[in-house]
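These notes concern the structure reproduced below.
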Amino acid sequence: MTSWLLVMPIAVPFATAVLAYLMRRAPAGRWISLTGSVLSLVASIALLMAVLDEGVIAAQMSNWDAPFGITLVADYLGVVMVVITAITGLATAIYALGEIPERLERLGYHALFQTLIAGVTGAFLTGDLFNLYVWFEVMLISSFGLLVLGGTREQLDAGIKYVALNLVSTLIFLSGIGLLYGVTGTLNMADLRDAVANSEDQTLITVIAMMFMVGFGVKAGVFPLFFWLPASYHTPSFAVSAVFAGLLTKVGVYAMMRMFTLVFVGDIGFTHEILIWVSLATMLTGVLGAAAQTDFRKILSFHIISQIGYMTLGLALYTPLALMGGVFYLVHHIIVKANLFLVSGVAYKLTGSTDLNRIGGLYKSSPFLAALFIVPAFSLAGFPPLSGFWAKYLIVKASIELEMWFVAFIALFVGLLTIFSMTKIWGMAFWKPHPDGIEPVPTRVPAHIRLPMMLPIIGLATMTVLIGLFPEPFVQFAETAAAQLLDPSDYVTTVLGAQR
Amino acid sequence: MIDILKALLILGGGAFVLIAAIGIVRLPDLLTRMHASTKAGTLGSLLILVALAFDIGTVSGTSKVLATVFFLLLTAPIAAHMIGRAYARTSVKDDKPAKE
Amino acid sequence: MNGFLINLLLAFAWAAMTGSFGLGTLATGAVLGFFALWLSAPLTGIDRLYFLRSYRVVRLALYFFWELLLSSVRVAWDVVRPFPKNKPAIIEVPLSVKSDIEILLVTNLISLTPGTLSLDVTQDRSTLLVHAMFADDPDALVAELKNGMERMVAEVFEK
Amino acid sequence: MNSIIFTAGARILVALLFVFSLFMLLRGHHLPGGGFIGGLLGAVAFIVYSLACGPAEAKSALRASPEGIAAVGLGIALVAGLVAFFFGDPFFTGQWYWVGGDSYETSIFSLNTVLVFDIGVYLVVLGSILSIAYAFEEET
Amino acid sequence: MEALTALVVGVLVAASVYLMLARNFMRFLFGLILLSNAANLVIFASGRMTKGAPALVPYGADTPAGVVGNALPQALVLTAIVIGFGLLAFTLALAFETYRRLRTMDTDKMRVAEPKDADEDKK
Amino acid sequence: MSAADFLDLSIQIGLGLILLGLAVAFIRLAVGPTLADRVVALDMMNITIIAFCGLYAIAIEDPSLLDVAIVVALVGFLATVALARYAERYFDREKKSPEPDADKPKGGGDD
Amino acid sequence: MAEPSDPNAPWVTPAGMITVALTAALFLFFLQYLPVVPRDGAVQWVWDWIPSLQVRLSFWLDGLSLMFALLITGIGTLVMLYAARYLAGHPQYNRFALYLFSFMLSMLGLVLADNLIALFVFWELTTFTSYLLIGFSHTDPKSRRNALQALLLTAAGGLALLAGFILIGITQGTFELSQLNAAGSMAEHPIYLGILILVLLGAFTKSAQVPFHFWLPNAMAAPTPVSAYLHSATMVKAGVYLLARMHPSLSGSDVWVYTLTIFGAVTAVFASFMALRQTDLKQTLAYTTLMALGTLVMFLAGSSGYAITAAMTFLLVHSLYKAGLFLVIGIIDHETGTRDANVLGGLARAMPITAVAAGLSGLAMAGIPPFLGFIAKEVAYAGALTMAISWFVVIMGMAAFALMFAVALIVAWKPFFGPQGDLPRTPHEGPWAMVLGPITLAVIGLLAGLLPGVTAYYLVEPAVAAVMGAPDVGGRLKLWAGFNLPLLLSVLTFALGFVLYKVHARLRAMLADMEARAIDMDASWDVFLDRFMALAKGQTRVIQTGVLRHYMFVTFAVFALSVLVTLILRPAAAPFLDFTGIGFVEWGIAALIIAGTVLVVLTSSRIAALVGLGVVGIGVALIFIAYSAPDVAITQILVELLVVVLLAVALLKMPHLDRTGKQTHRPFDAGLAVLVGGVTTWVLLRVTNAPFDRRLTDFFEASSWTEAFGRNIVNVILVDFRTLDTFGEIAVVIVAALGAYALLKGGQKAPPDDTPDATKEDR
């Protein structure tokens, strides 16, 4: 039955996608999608319970032994990503009830959305490298569809860049898989660990590792490969950009964390050292990019990049504390960033633009929304006692422990600049009066649109506060996750010993 | 004996294929070139397929070869017709060189 | 040529493809063929009954392969000789066959035989546009085509 | 496109291609073929159809929207995997039912989820490619 | 044969990179097709190229007779080909629609989402 | 020289001829100059592939390559048809609206 | 300028009264410890918060934190009551009350926290809540700017502080202040200097020491109750509190002594002159706050009982009179509509009670006996004499105290008893809710001076003991300590102060002139932000150009470099080319592929490119045929065919391959292309040079028929061994189709020239 616990978080969104597509014309589509998202959450929580109970769990798909068949496996990192994906999915599914117009629903919005969730979840659960590629593709093609759904000129332009750059990264990744298979003869990630370690040509392994880093680096949006992200994330509907912002880059980070703790650990002095500098550059360029923007969503987009740097830094420093920080950061950032994009959608609904120069007055007439913005915004900026503070704290502490003063300095400095951008949004969209004297009163938006849009924002903000106020279970969880990453022997034995 | 036959079929087929290819390069205008590909090319392939049928020697193999031949004879002229028709419509009638 | 015939043809095609002419294979082919025909019914909506004149088919086939060989040799010779000598022209051949399958057969056969290449059939199905490689005497060529290939095809489908 | 020759050829070819596509699907487990190749061939069949008669008629010959066929195909493939649940096996474990025997050797033929899955693959590939092809066709 | 395939892959990759760096998005598309082919060849060659029978178990036997081609990379390549086709079809549709709406295929001129003056504060 | 040797030699020569055919056909495909020329060359290559499959099946003594040949024989013509149809439709459009308008692709270049 | 309240608006609102009551209750709660702490020592409450990170919500109530807690809650109660009346009828009063109350709680947490990380949490919360308070008049751009300035500066310091705290935790093994202080000075630790600098950065920014001082006067943009509260008793004192709290751990080095002395002294004197310079009474008070903060920091440099006693006493005095005076200014502003020192005068008749409050607070500020201010000054001089570079401290202290004397006259005397000016409104006595605060504070200030023993026993001595880390080491608080040097210095101070008051009008003009020539930190702030923005925009313009091929170039370049760098830095033998067993067929196929590729690259005819792609596809299929992969070959052929078919349809409505614009980048592109291709070949050769592990393949070959009942191993892998891959793959295909379909079909219904709104219409 363990096997089915691993399968359901993937199978449910697929089944939902099929049904939602077949019934897309009726209003049934959106309710099917919502029900599916609820069920996905239930399934992922069931999986979480199992992992908390048993530690790493694995199952052999089609009932073929590892490494011959495809393994699904959930360790702490994997399962928390699955749960957080389901949460983000549910939040955006509710939001979509209010935001997504029927025209887009008829074009298959819900099906694309659910396959996106399925792809992301599959990527988090698979223990097979080629299968990871397949899930990457499922996720990628769904995101293509969602990004350009609606077909505005802006979306199409963004779509060209997004698609082009992501396809290149995909092909780099695919070639990397082929080459690694050529060296080791296996695709199972647990099996690869030994095979890679025993390879006689370690330089070649490092070269292939670097190819993976580039491939994943594009997905994750690290410096200098992040171009596709700020070029596109401000163009689709807000529910879509929220789920993109929350999940997509994280899959890249996750894949990097997985491969560079499980498989590519033979030349840490090289690969991870490079990643430190890449991370720092990512943090800095992202936050500077954000400072230069005056659009709500563009600022948020550049911040994704900046924050990705913290997560990869957690991996690059490669200590228990640093990885713990990386894991904590992943979880925190998904919740917070998705929420900020959702808020930007409500702000857009109320003010008619996301250009900060053209909007304002939200603080005065929508204090509740203001409060709901403040929470994720200052969490992102790392203000205590919100979730982002603990995330940043762990990373900074890890770099100080390593006596990497410069790294710690950059991590803190970027935090300061993050405050700068968040307060820029706050100052221009909320505090500043609307330039046209409009009073963006929330009740002007009909309740059947407003309520579904506000509900997930409230929920995610509550989670941000709760994680901030009661971080202990999350910290402990991240600690175990980090320990499993640094010493994957449990992972390896569970996967290779999984019963047929 | 059968080997010799196969060899001859193969050589003939190969020769026709090559000649057809030379034809589409060497012959002066498009429609004339199409004669080369449609006839000589098809025949060349047919000869080699016949050699294959002898080579396999089984009923199933032969029937597959026959199916292939049938399909080829059915589709090759249709393709040729489509090109010819397009060429005729786009260039000959209006008496100007066909532009892509 | 009716549905049954096509169906039978498809069943045999299936058997040929599988390489086994057992009863099971043929039956499977017939069922699948039926399904295929059902799907493509709008296309094959001819229900006139024809007797298959098998000897004419065989004769046509032999004639055709011989002509194919001849034409290929002729083209080949023209390709390889130092100074190609041909007088190409487009000639119009009046068509007496009218059904789709006949027209297809005629045009395909003309394309595969010496010196001629079917280009197009006019919309009223009255004329076939043929490209002739050696059109020294267009009228003679028209007559040859009409009395040769077209007549033999028409005989195959004769009622 | 109103070419009489092509249309006449298409009448034969569509059926032929379609039968061939099913043939490739069914034999795929033992010889070259399978759901992908079958689906691709099926799509080619209906593309030929639409070239001959236009996408509207080709669509109506298909009896269902290509997108719907694809979605149903994905559903079938998923169900083929989920069936294993009722036999206590992991996802996508092939379930074999031997008709007239208890093993491959003794049975006449078998009913199995592996083929069901391949049929799902076939439908998805067929439906998806036709959906794209017809959309392009209609937009130009 | 792997050596020759590696050379071919190199040419394909170089050509596709050159095409993908062009301003005309159609060239990018062509480059993408070449690059997909290259990636597939990489996988195929990585599984080593065996001249022999296809990976089939003959009727009447339990295992393939003699050396057969490595089936796993074939399956992977097959998967990658089909995925690549899906991605390509979408990208083509995107290019098509983009041209219909933006009236250009010149990516230098595709500045709707990132307009030239976007970084200037309108104060 | 035995008959078998002669066959082997013929196979090698045949493969050579076929490959040479492909190469020669490629010249026309590359040179053009019209769309129809290129399509004829592509069509020629299609037919040649069938020959190659057949001959290679003899060479490696494996009839399963015949399956590839069947597929090419059945579907290869579609590329030719599609391109020919493109030429016709493109020409029709040009004729219908020779003056530049918004819906027509920009002219210029050599195609 | 605070928004004027509506005198008729009801001011007893739930939000106001609840916050006042809660704060008062907290005050009473802490008051009950007043007898306990001096007698029994510190009280501790501990909740485990994040055990894994050694972060505990541990609270430590000793003399120092008790004094602060009482000031925070006591003054807080009065200020909140005052604010309820001051902002009566203000539409955002409820938010204000919430912010102020939250700020109060944060401040309370800060002074009570024993765990450094918990302390930091509260520290940042005060930063955040004060940001909301300073920006309360949010429609005013200046208000927003100043709030941001305060936030960024104090947050920057806060981040340094965090780094310092983390360093302490790592080096000392604990975050608990009580344990750290008990362990004594860490001055000997090699990393001490780093820690000290980081902590001082935090403390100095928060307590507005020069050169981080400029945010504090700007923060006066907040409503007056906020100024009274934040800038007297609480937020700005957080830095001072931290220095006092960590005194046992961090003092004990020359760096500590000199840094604090010099920064404190410079801040005090600078602020004094700036205070004289101002005409807005609120600004004047703001600078005197700076002055006081500087003085406090200066005295915390010392380690003698007298120095610390001076600091603690002065801290107490200052909190009382400064809060009182701010509230008085608020009443004046509220009643007369102006805060201009030149205009105000003769208000004593109209506002007698306020005048009394102002007078008492002013006397305390001026340091006149018998007020506690006098005692503080005496102790301060006594303390100064014990410190390192005592002459410097004495001179600086005297300058500051004299200026305070002068400012006290300007702020507390002149508006009430000076010549009356031209007022915007006829003044009345303020409402009782507003007057209650200043008068209470003034009376407490007086009582504290009259009963120095009580003050000392309950408040000052326990605080000093806490700072010193030992009891009974402080100086004695006495109204009359006999004729001694401090008394002489006091008298000198009064004389100097009076002179300064007399000449302050002339001085003001002189100072204005000097200020114009000095470096204006506040203006530099704007320049700094502008430069920063320019940098940000410049870097973004360079990196995110908006041009796809730039992105593409960098991506490919990174790919090539990542491989090349590895090959350079790691031992790498060149791969070998093994062409054995490659017949002419393979060479022919390779040549065909390459020829097709070259055609695609070189041609400017899109149809030529298309057929070139077809040739490449055919060539690749031939490789699959030649190497016994019929399934792959068939799939490749079919897919290639479909690509051609789709392109042939799509190209109808697409443009030609015109080469537009300048193409100067193409040689570079070609170079990169060759590099990427070469790198790929290199790696692939190296991979295929090595022997291959056939484990997986062997398994598949062995079990394809026997266990999976399929003879086509490739197909069995697809539908059985690796079904999940295939499932994902068909999902990709279907989603690609849905996406393409939506793109092609969905666009039609969109309006031809769509605004962003077009996609998001309401249902």
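In this document, chain identifiers A, B, C, D, E, F and G correspond to the written order of the chains, with residue numbering beginning at 1 in each.
The rule we apply is simple: a residue touches a chain if its C-beta (ideal position, glycine included) is under 8 Å from a C-beta of that chain, and two chains touch if they have at least 3 such contacts.
Computed from a predicted model, the values in this text were never measured in an experiment.
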item	value
For chain G, the least number of touch steps when starting out from chain E	1
Chain at the geometric heart of the assembly (C-alpha centres)	A
Chain centre separation (chain D, chain F; CA means) in Å	27
Separation of mean Cα positions, chain F and chain B [Å, integer]	10
Euclidean distance of C-alpha centroids - chain A vs chain F, Å	47
Inter-centroid spacing, chain D versus chain B (mean Cα positions, whole Å)	31
Two or more partner chains touched - positions in chain E	20, 25, 28, 38, 42, 44-48, 51-54, 56, 59, 72, 76, 78-79, 82-83, 86-87, 89-90, 92-97, 101, 107, 110-111, 113-114, 118-119, 121
Per-residue multi-chain contacts in chain C, two or more chains	13, 17-18, 104, 107-108, 118, 120
Multi-chain contact residues (two or more partners), chain G	533, 537, 540-541, 544, 546, 548, 552, 556, 605-607, 626, 628, 630-631, 634-635, 638-639, 641-642, 645-646, 649-650, 652-655, 657-659, 680, 684, 687-688, 692, 694, 696-697, 700, 710-712, 714, 718, 720, 722-726, 729-733, 735-741, 743-745, 747
Chain G-facing residues of chain A, complex	14, 21, 61-62, 64, 67-70, 72, 99, 101-104, 107-108, 111-112, 115, 118-119, 122, 126, 128, 130-131, 134-135, 137-138, 141-142, 144-145, 148-155, 160-161, 164-165, 168-169, 172, 175, 179, 182-187, 195, 200-204, 206-208, 210-211, 213-214, 217-218, 224-225, 227-228, 230-231, 237, 267, 270, 285, 288-289, 291-293, 302, 348, 352-353, 363-364, 367, 378, 383-385, 389-390, 393-394, 396-397, 400-401, 408-409, 412-413, 415-416, 419-420, 423, 427, 430-433, 446, 448-449, 471-472, 475-476, 479
In the complex with chain D, residue positions of chain A that touch it	3-4, 7, 11, 14-15, 17-19, 21-22, 59-63, 72, 108, 111
Residue ranges of chain D in contact with chain C within the complex	2-5, 7-12, 14-16, 18-20, 22-23, 27, 49, 52-53, 57, 60-63
Touching residues (chain side chain B, partner chain C) in the complex	15-16, 19-20, 22-23, 26-29, 31-32, 34-36, 38-40, 42-44, 46, 58-61, 63-64, 66-67, 73-74, 76-78, 80-81, 84-85, 87-89, 92
Chain G contact footprint on chain D (complex, rising order)	28-37, 40-41, 43-44, 47, 66-67, 70-71, 73-74, 77-78, 81, 91-92, 94, 96, 104, 110, 112, 114, 117-118, 120-121, 124-125, 127-129, 131-133, 135-140
